[in-house]
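Input: structures, listed below.
Consider the two complexes below, in which chain A is the common component and chain B and chain C are the respective partners.
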Partner chain A sequence: MKKSKVDLKKLGTQKYIVLIVLIALYIFFCIASKTFRKPTTLISLLDMSFYYVIMAIGVAFPIMTGGVDLSIGTGVICYALFGGTLVRNMGAPVWVGILVAIIFGVGIGLLNGILVAVMNLPPFLATLCTSMITRGLGSMCKATPWPTGQQDGAWFHNIFKITLADNTKIPVGFLIVVAAALIMGYVLNHTRVGRYTLAIGSNKEATMLSGVNVKFYHIMAYVICGLFAGMASIAYASAIPTVQPGTGAGMELDAIGGAIVGGVSTAGGIGTIGGTVFGAYVICLLKVGLPFIGLQAYWQQIITGIILIGAVMIDIVKKRRAQF
Partner chain B sequence: MKKKVLATLVSAALVSSLLVGCGSTSTGDTTAAATTAAAAAATSAAATDTAAAATSAAATEATAASNDLLTGTEFEGVTAKEAYNFSVIVKSFQSTYWQAAITGMDMAKEELGITYDAQGPNSESDIADQVNMLNSAISAKPAGIALAACDTKSVLDSLQSAKDASIPVVCFDTGVADAPDGSVVATVATDNTAAGSVAADKMYEILKDKIASADGQVRIGEVNQDATALNIQQRGLGFINELIKLVTADGKTVAVAGNEYYVNAAEGANGDEASADVVIEVAVPAQTTVDLCNTEASKIMSKEDTIGIFGSNQTSAEGVLAANNNLGVLNADPSKGMIGIGFDAGSVIKAAITDGTMAGAVTQSPLLMGYYSIYAMTMAANGDKVEDFPMNGYWYDTTNMTDSQIAPNLYD
Partner chain C sequence: MGEEILRMEKIDKSFPGVHALDHVDFDLKRGEVHALMGENGAGKSTLMKVLTGIYQKDSGKITYQGREVNYHSTREAQADGIVIVHQELNMVGDLTVAQNIFIGREFMHGPTIDDKKMIMESRKLFERLKIDIDPSARMKDLTVGKQQMCEIAKAISHECKVIVFDEPSAALTEKEIDDLFAIIRDLRKQDLGIIYISHRMDEIKVITDRVTVMRDGTYVGTLITKDCSKEDIIKMMVGRVIYEQPKEKSLVPDDAPVVLKVENLNAGRMVQDVSFELHKGEILGFSGLMGAGRTETARAIFGADPKQSGKIYINGTEVDIKSPQDAVKHGIGYLSEDRKRYGIVVQKTIIENSTLACLEEYMSGISINKSKEKKATEKVIDELNIKTPSSDQPVVNLSGGNQQKVVIAKWLVKNCDILIFDEPTRGIDVGAKNEIYKLMNSLAAQGKSIIMISSEMTEILRMSDRIVIMCEGRVTGEIKIEDATQEMIMNKATRNIK
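Moving on to the complex of A and B:
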């Protein structure tokens, strides 16, 4: 018993290791590339990473229950397409489009939760199927740009980035990410939803025998993931001019990779939101920074893959220690 | 026990609902590709419905004008000997370019009284999915196949099978280099090398003075969504080679850097990256998506010495514009910022040109391309010989966007 307590504490410090890695990588890129040092690069990096970080915060919950949610990648595209189609082609106001995207996300999250928690499907299979469904649903829409520039309804871009009159850009979205991280960190550590999520991941039987309504909290983990996927779709729509059907597959792996690099264990029961955020930023930093130091696309993929392997190996070591 | 039975039934229902999609289109299936083909078939069949419904109005309007479109071409007076069923395989339905092509195909469908099934992989980098679709289409033995190949090398075996099965293949939008003799009856595509050159001509025209009076190295960027499709290769190289010609004619040295395919295929570069007066930097992302093109464009557009950037198709041009959302460097006036030149149309690019962000773009005629490719397939199915049908790319900017010759090509 004593041994496991000590180990769990050590495992929680992965959060700080990731932060150090993040800062070291950033400094490395600044040194290696003059253009990387420009302030506009930091804005680009933040703009491009909002949706990944939000997706990562959301997906951390299913992973902490010992499952996974593969539907968020194609899901983000699907929700953005539906919201965008409503706004563009049916003249709905932008806030309606945003609401629809978020509700759609929550709906698919609920579907995932029911499939996994009530029907007992393996999470990998269940969310793989919903990812195919969301991909197909998204492809029903045409490539859709959300309002931009001077158009009616372009105000929603300001949620993530405010552009002042003299063209300087303020990445407000970063504050939203920080707020979301703090709120979800609190939820994870100090509310029943969060604590039971970890408990389900660490030992579902024991949690159920303690009288907890395991089904409800298990579903909630997936609903939270769906909610964040819905929010990420708005971040995506504000960063990318046109949402294209058929894309999105693969984005979930970056978000999941970010969570794992950040210390969330695939065995369930262990993880922090802070670590997840730092891990997601490491993945995004690699995505944006590697092109700057002149590496071609295939090198970027190879290096990101190697780093993920490193993270997974640390995860396996953790798993072994957790099996006392 | 009950739960397990229930779980098995639900899983079976989920899986069978995926396979139901198979029956609704004319694809035969191989077990390995069954699920992917089913999902893709279901989505592309749905896409055809959406496109068809939205464009029936445009089709009726255009039928009145269609006789003008055929006069003087090899397709004048062509009628279908029977109600053929064709198979159309696009690169993907990712961008609105393909919706415009489908509109043109629907116009031709109405006039000729034939039918077609359109399919496409989810994205233009899903090369294997497209090859599977092509093979399935060949086994279904349609009267003809229209193909826009994502990767010219990957379809060569399938084209041989099509030839062996006596199914005529018309390539549209992009040709296939080194196709087996006799497999492709005709190519209906823009002369992409010429279209790329037009963009280079305009880029140089705007930047000539800046290059002549520059006291250091200047950089012109090019973002190509891939290095595998023939049309993108031709367009990208058309731009690079023409730019090299113009720069060296004015006595400056030029070097090409970046993606290896384009660096090796460029002709006439006479400098090296460190010391040349002009560096043409070519970037190709890992996948054909706007956000990856965005990252590559950001890299080039962040550099101090970049004075111009060219996005060689709708996806990469939109990536350039997405990067500009953060960097704010593009301006149609060379004294105020970087010159951005795009390709194809779509509402995002059109808006950028109208408000002075982008200097202009080169458009194709996807609508006519779709239209003529149906006619070409009909001629081939009738047993007549069909010639290649190259089409023009048109430069457009704020001065000519509303011209009667240009405007119909500027799809949304």
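Moving on to the complex of A and C:
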């Protein structure tokens, strides 16, 4: 009887397990491939990880309410395209482009939240629809390179990566990721938004019957997700030379996968931001690392899929043990 | 009574935090009706769920028709001739009666379902059982009592040798109970073994041959029904527990102010023109059959379901309650009959559950003041005597009674003045039950007002200062505790039903 008792602190250890897996995986790739060992690989790994990790932190919130947000993949592209078009074709200052991208993200998050929490659409369907909408909206723009090199507004790259005169690159974006993780970890564990996000995911009816404004807080989870998708779009524009309309589908799955690998329960109610960040890095590491040991991109997808099945199975087993 | 058909020996079953069955013995003969009795949470339903493969036993032995069996699903048990009529209805509302009865074993006509034959077969079945139900009616259009009869008919339509009735009469009118007994007598004649779970002592005396009593998950003893008295059975059921004395008269002074007044409340089919008053310090019992509309009334008052019309006054002022949020703001707390679904957030800790209704009082700026939260929770854990190693235990680890106390804790931390307790002792063990009774009495003495919805007649008579009786969505009577008798309540509870 003792054995089957659930210790929530123990469930929290999943994030440390994921951290160990992450480190082991990195060491494995370093041993397996000489080129992987180079610092430039690490820099480019970090560079392309920022938007995934930021997306993962955001999407963890809808997942923890028991839902999901599928619109962030095409959303990130859409926001980056709109912001970029404003800057390149309409002469807006780059900070306006950034602001518009983020506000756009929050707006779509709000729409998702209203569809799910007020109109009671299943999250899967609601966000699948908005993902089509954002893809369509994004395609109204032309392929957009954000400012680079000596152009006006190229400074925004420095948010995530400072390039020194001797072409040394410093991935300061990592600090942003750490700060975002700490802030959202605090939000999750020490504020009402976080407490109610988990309560809604664990038992929405009981939370509502306790007099909590469930609709508002349910919407907030999606707004947070949208905010982070907006921020991720800036990280994306900073890392990818040209934003292509019509792309982005599938990126959300890597972010969602990261959160799930990191121990966020797909049934809602359980999850940590630390775990989410580590999980997202595991996915990124696989994405970058596997080609170095001679496995093509499709292998990365197959392996990620298998790892996700494993992570979801762990989640189900945990749930089953917690119930009677 | 014939030879033995079923024997359960030393059945043991644990859930996290609860030792549900502790080496329980039970046996059944052909052609006998064997009552299984015990208070809520004694383990009767669990034992039957182990028998029919819904739960797997941890240890013990089940012998059926001379061989050891171990079912892993109801389907397996059914195929072997053991069927169960559940307490909860398991019907698909949008399908017809016939489709429900033959669900999972439809008559086929090539690749298509032969609805005509299913209706015909159902009609034959109903004729044999002398039940008057139209097999082509939609299940959801029937009364709860009729639905229950369909459930029984469905069970009987299987080729079976053992039938378990798990509190079949909770939703039935007297007339329907008579019909049910006729059916059971008929089955007994056909040499079937029948297990009958019920709370109603009178039924046990009328219909059963033997009685086995369980208490706190243990086997207490087996008696021949005609040789024992009601008192013998009660003594075995209650055991060491000394209950709160039943109320002889109302403890509420005549001039106690009205804290809650409901006028002509309407909310769907189940709540029609409901009016009543709740006084300060009063425990107002709501009695009625299953499906009488009591829970629906409570949910409408609490704002959990929309209401069409009606006025609600709190302390004399009319209030507009549109959502549970409004209700909580006005100091109403609701303890649901379905604790797991509507009461607790199972994976979360006692602290998180206790402050869920009033987290805004535990904020410093934007962050939650966790030490203040913890202090308040520990105080209420003490007050309610919640048995837990620490306040940061997830409530899933607690027993049913302690989980129920956590829900009460939530409303005490919020300091609600009006509490709606919907079946407050369902599914909890005897000791905890009595503690909850004590707690309700002390809350009332402190000036809190309680609406207690209960299907247990003894509970209604033991706790209430005044009793409101509902039937088919309407209030059919209001009785002071001084005048109340079981017969009177039953009479009013079935008044509306033709």
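In this section, the second predicted complex is superposed on the first by the 316 of 324 C-alpha atoms of A that agree within 3 Å, B and C clash if a C-alpha of one lies under 4 Å from a C-alpha of the other, contacts with A are read in each partner's own complex, and residues count from 1 in each chain.
Just so we're on the same page, contacts are C-beta pairs under 8 Å (C-beta built on N, C-alpha and C of every residue); 3 or more make two chains touch, one makes a residue touch a chain.
Everything quoted here is computed from the prediction, not taken from an experiment.
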Between chain B and chain C, more extensive residue contact with chain A: B
Partner chain in contact with A:G269 - chain B first, chain C second, else both or neither: second
First (chain B), second (chain C), both or neither touched by A:L110: neither
Contacts of A:M48 with chain B and chain C, given as first, second, both or neither: first
Partner chain in contact with A:Y186 - chain B first, chain C second, else both or neither: second
First (chain B), second (chain C), both or neither touched by A:Q296: first
Partner chain in contact with A:I307 - chain B first, chain C second, else both or neither: neither
Chain B versus chain C as contact partner of A:S210, first or second or both or neither: second
Parts of chain A lying in touch with chain B, wherever the complex brings them together: 35-36, 38, 40-41, 43-44, 47-48, 115, 119-121, 125, 129, 132, 135-136, 139-143, 145, 148-151, 161, 167, 169, 239-242, 244-247, 249-250, 287-288, 291-292, 296-298, 300-301
Chain A-facing residues of chain C, complex: 14-19, 302, 304, 323-325, 327-329, 334, 336, 341-349, 352, 356-357, 359-360, 363, 366-368, 370, 392, 394, 396-397, 410, 414
Interfacial residue positions of chain A with respect to chain C in the complex: 1, 4-6, 8, 186, 190-192, 195-196, 198-199, 202-203, 205-213, 269-270, 322-324
Chain A-touching residues of chain B, taken from the complex the two chains share: 3-4, 6-7, 10-11, 14-15, 18, 35, 39, 42-44, 46-47, 50-51, 92-96, 99, 121-123, 126, 258-260, 283-287, 289-292, 294-296, 298-299, 302-304, 315, 318, 321-323, 325-328, 346-348, 351, 355
